[in-house]
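Note that chain A is present in both complexes that follow, paired respectively with chain B and with chain C.
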Partner chain A sequence: MSNRIDVKKTYKLYINGAFPRSESGRTYEVKNAKGVFVANPCLASRKDLRDAVVAARAAHAGWNKVTAYNRGQILYRIAEMLEGRRGQFVEEIVNVTGVSKVKADKEVTDSIDRLVWYAGWTDKIASLAGSTNPVAGPFYNFTIPESMGVVAAIAPETPSLLGLIDVIAPIITSGNTVVVLASTKAPLSAMTFAEVLATSDLPAGVINILTGKKDEIAPWMASHMDIDALDISGLPAKKHAEIKVAGAENLKRIHSFKSADPGRIIAFMEAKTVWHPIGL
Partner chain B sequence: MSFYGLVDGSDASLKSYLGNLSGVDQVGAEARAAMLATRSIKTTSKRWAIDTAITMVDLTTLEGADTPGKVKALCTKAVRPDPTDSTVPSVGAVCVYNDMVAVARTHLDLIGGQHVPVAAVSTAFPSGRASMPVKIQDTQDAIDAGAAEIDMVIDRGAFLAGRYIDVFNEIVQIREVCGDKAHLKVIFETGELVTYDNVRKASFLAMAAGADFIKTSTGKVAPAATPPVVLVMLEAVRDFYEMTQVRIGVKPAGGIRNTKDAIKQLVLVNETVGPDWLNPKLFRIGASALLNDLLMQRMKMDDGYYTSPQYVTMD
Partner chain C sequence: MTFEYAPAPESRAIVTIKPKYGHFIGGKFVACSKHFPTINPATEEVLSQIALAGKADVDAAVKAARKAYTTTWSKMSGKERGKYLYRIARIMQERAREFAVLETLDNGKPIRESRDTDIPLAAAHFFYHAGWADKLEYAGLGTSPKPLGVAGQIIPWNFPLLMLAWKVAPALAAGNTVVLKPAESTPLTALLFAEVCQQAELPAGVVNIVTGDGSTGALIVNHPGIDKIAFTGSTEVGKIIARAVAPTNKSVTLELGGKAANIVFDDAPIDETVEGIVNGIFFNQGHVCCAGSRLLLQENVAEEVLHKLKNRMEKIRVGDPMDKNTDVGAINSKEQLAKIIELVAVGDAEGAERWSPACNLPSKGFWFAPTIFTGVTQAHRIAREEIFGPVLSVLTFRTPQEAIEKANNTPFGLSAGIWSEKGSRTLWASQQLRAGVIWANTFNKFDPTSPFGGYKESGWGREGGRHGLAAYLKGVSHE
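Coming up: the complex of A and B.
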């Protein structure tokens, strides 16, 4: 019988490759399905969002310049790291949501597979969404899809890990950077996933994860002029109109999705058209 | 020159003047600066602080790659920092290299910026390594071209070698060149002076020699205008005022990049020398990137949402 005191993990935010507490100093209680206390994650404020957007903006130029091939390698690396810590994720999901171990194990497996799937898309999406266009003149005309910049996202409440990955993976696949608000009720696997990201050769600031309340953070995401697009898949449908109105000021592209789909990648890209004279 | 009756211009009197200064409590200065940095300035106070800070900015470009076009763009921004909002005040001054003074002055006059002075960095800026006749000519050139403020650098080599009288005489001579045509700011390059005791000593030396302003740094060396260094200089200014009833200005420069840093500086001023110094005549901030952040914070307060660097000019 050991008298050792447990070393409990402090769940913090993930901004610019570091794990800061919320600048507000606030936390909130997360309880499991039976109502028993589990942890005190950070209750992020609008100022944490502000800091995360600064980090994401700074990271965009570099991440966008990484070759599609290399972005795929890094996404695959995230999957490898997640595979290595599978047990911890299963345990956390079971503990917080009360689902069976079998179901939790399937969620983690699906999450890993989803990352590998998006890793494959990085160097193929340009062929799918781009085109060469027939024009009436001696020119080649190309449509080339490019990343938009900083995309904010709200992850669905459940499934807490797979839902988060479904939101962020398509955004970063094309070279965007992301600020994501994790599931409010089950944020622990998101913050443990941040530890996976921190060891995956992913440049700091490409993925930034906040934990907190949707009603508090979503309007600030919508009105922030330095956020180019918004994924509101995790927001209840009745809130969508309000957020779309708030996001109209800087013509923010706002989408929501129900399933994994290459269209999610394309939704956060914008097309550039290039004319090139045909030499003789 | 009387030097406020503090020194008679001889080496011996200068040594005894500087030798009588009290030392700086390093731990105390750093703790006090850190404590004052925790003050929370919000809503109307923050709005006032932002506008006051804008009027104190010496909008600076000191690059080898400066072109007349860039200097003109900077002047336009100095007069009206936010083209979409006429309630934003003009900055304190435009700070350029000597050869750009005429370009800046002409352009400012052309666009209705007669109220914005041009400051020139002088005396072989940033190193200060040149002979005295060259430094005097450098300063004279800037004044002839229309500079109303001269930012001179001290000879840090002489200061660190203990040849205080050489540093003192240089400042006195440049002061004479400036006459009543130009304000004189004396740059210490505190990052090279190493200790707070040296900063205090340099402050008293420059003030007695006739400086109108004492300035922390060139912006070319880090660390630059750290809060404790500015605190030590402000305390020197306060003590000098008690001795002579003369108000000397302070200009931190280098490393003040955002609104939070600027407001921390204003708190230091208010708590050390008092609200009389919260005035562009007695406090300036040398910066280039800071102005954009001040404008973005101002937009945030007016609009109620976060803005993007895309909505302010780059230079």
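Coming up: the complex of A and C.
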């Protein structure tokens, strides 16, 4: 065996396609299930959130305009990249959470498959959620669902990778951009997933990932006036009311979910109805 | 050339207004101790005394709705529920003229509009939703969609019966029972609707109507026995409701304010466009949440459009709502008139240029002449706030991108208009606009099959069409 000292990774945030440290300079300690130190990820601040929202807003127009076919290919590409690095994710999950290798392997497999599943939805959801409407008059009338804009999300504590993907994949499938707060106790697979995103042809700013404390970041997400919607699946139920009250300031659409479902995509889309007269 | 019109008054003999009304609870009219007057805003004549619901009345209505839900309505097959809705639609059609006259008397809108728009559309909403009652499993909302329970519904004064239909028809079709509160200033057609429910033999308690003011609305919003709140009204009140229900399990749909851009590109058919602008802002005295209240004119046609618009406005007939020739009727209330006057004064003070055609306004009642402001900038309050009256703010733009930027520069997102003869440009603009309803080469069109509702601070959810059903059924995946 060599005595080589291995090169450890600094875990940073993922904002606008780059890996900055928290502007606050803060970190917090993550330990594994046995209580051994693992890493010092960033403790994101309100300012980091605001920077991420600026990036997400700027990225929305472009991501929304990308064809559904292209969005599907990029989601599929993310799955490809994740598949290629599955070993690293399994190892990280086992190390941080203490679950068995079999269980970690299943989580990564499910994560990859979930991404593939959503990749296939990009160019189908509009057929499901849209309609043509036979109005009583000489008008062509149709309803198309489109993305809302910037959606913020709180990923569940566990499973840390699959939970993160369950939250962000449906949001970006329709053309939204997202700012997500990763699992606090097990944030490492989220930040390693950011490396997957960075090599998947995903435009900068479409997915922005923060690490930190829910109690600190969630209220700022709720009151931020340039966030259109919020997925609070990762927040304990007792916190939901407070977040919904704060989110009412700009009437954010706030939802939480229990399973993967096309309804998760539709919940973060707006239905737009267009009328045009028919005539010679 | 000026046309003279002889008066063509609609007769009010068809309606019988009782001197006093109670609430409609559990299929019966129930007396109430407190009352307030409802007036004809065109004459200030007191039409009737309306019951003011307090806690006991709302409790009784919710109790009746719950009982009807558990014992009758949720157990009935969709096929049978649908038949009741068909009956209601038919009776509304049979009594359409009566409804139209009553609506115009209580609301102040021209009889031409209540007769040709409000009432036929209200009946159409019931007819449309009747057909959904036994087809809910095909609505794309899960294989076995379930109703929510008791819905509390609070509606505005601008389209009293139509808003009732938008709320009650989908709720009942989906299997819910309702407690509805009509607006304080326009309760009469809802009370006539209660009679329709009786004639249709709708099981007692499926529809309950309590009248009152904002305090009654708050009792409904905060009532623990209600499963769903549906509200149409101001964004301000919408936010209060959103906060109030946050700690509860109530589902909510909100249809709130707007400040719609009506965009005229330089290739628009100008004469049709002018008609569309007039319809967009002066329809229903501008008391329309989706009114085209911000006119965006491409600079090179602005002068021509404004010239023709002013000519057209000279010919708008403002006056007696019961006259079949009237285009613009009375402002619905003294309070609303005061709000319009206040914002118009702000427009003057901020330096926009005001113009109105010469109009002889009646001496009694609440009136405001059709008005346009030119030289309006995006910072002006009259370009940002909902006036909810016959007041149009005119802005200009040079490029299509600039038009979209200005159009979207608002916290609202209910509706927008596009005038252009170029199909690709129209579709491009309709894609860019952040609004729930886009009218291209038309404006203020409504249909039960067509989902209606807003982006951003214009509300939550849709009403009408397949999309509207989701508001009254348990969500497929989210809590």
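The working rule: the second predicted complex is superposed on the first by the 275 of 280 C-alpha atoms of A that agree within 3 Å, B and C clash if a C-alpha of one lies under 4 Å from a C-alpha of the other, contacts with A are read in each partner's own complex, and residues count from 1 in each chain.
Note that contacts are C-beta pairs under 8 Å (C-beta built on N, C-alpha and C of every residue); 3 or more make two chains touch, one makes a residue touch a chain.
The model shown is predicted, which means the values in this text are computed figures rather than measured ones.
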| Fit or clash - chain C, chain B, common chain A | fit
| task | Give one of first, second, both or neither to describe whether A:G263 is in contact with chain B, with chain C, with both, or with none. | result | second
| said: Quick check on the superposed pair: does A:D226 touch chain B, chain C, both, or neither? Answer first, second, both or neither. | reply: first
| Which of the two partners, first being chain B and second being chain C, lies in contact with A:I125: first, second, both, or neither? | neither
| Which of the two partners, first being chain B and second being chain C, lies in contact with A:N250: first, second, both, or neither? | both
| message | Just checking: does A:V53 make contact with chain B only, chain C only, both, or neither of them? Give me first, second, both or neither. | response | first
| Which chain makes contact with more of the residues of chain A, chain B or else chain C? | C
| task | Angle at the Cα centre of chain A spanned by the Cα centres of chain C and chain B: state it in steps of 10 degrees. | result | 80
| request: For A:F139, decide between first (touching chain B), second (touching chain C), both and neither. | output: second
| Nearest CA pair across chain B and chain C in the overlay: distance in Å? | 5
| query | Considering each complex separately, which residues of chain A are in contact with chain B in the first and with chain C in the second? | reply | 249-250
| message | Looking at the complex, which residues from chain C come into contact with chain A? | response | 124, 140, 235, 238-239, 242-243, 246-247, 254, 256, 411, 426, 430-431, 435-442, 445, 447, 449-453, 455-457, 459-460, 462, 465-467, 475-479
| request: Could you pull out which chain B residues touch chain A in their complex? | output: 304-311
| message | Please output the residues of chain A touching chain C within their complex, sorted ascending. | response | 128-129, 131, 133-137, 139, 141, 143, 146, 148, 228, 240-242, 244-245, 247-251, 253, 255-259, 261, 263-264, 267, 270-277
| note | In the complex, chain A touches chain B at residues 50, 53, 57, 220, 223-226, 249-250
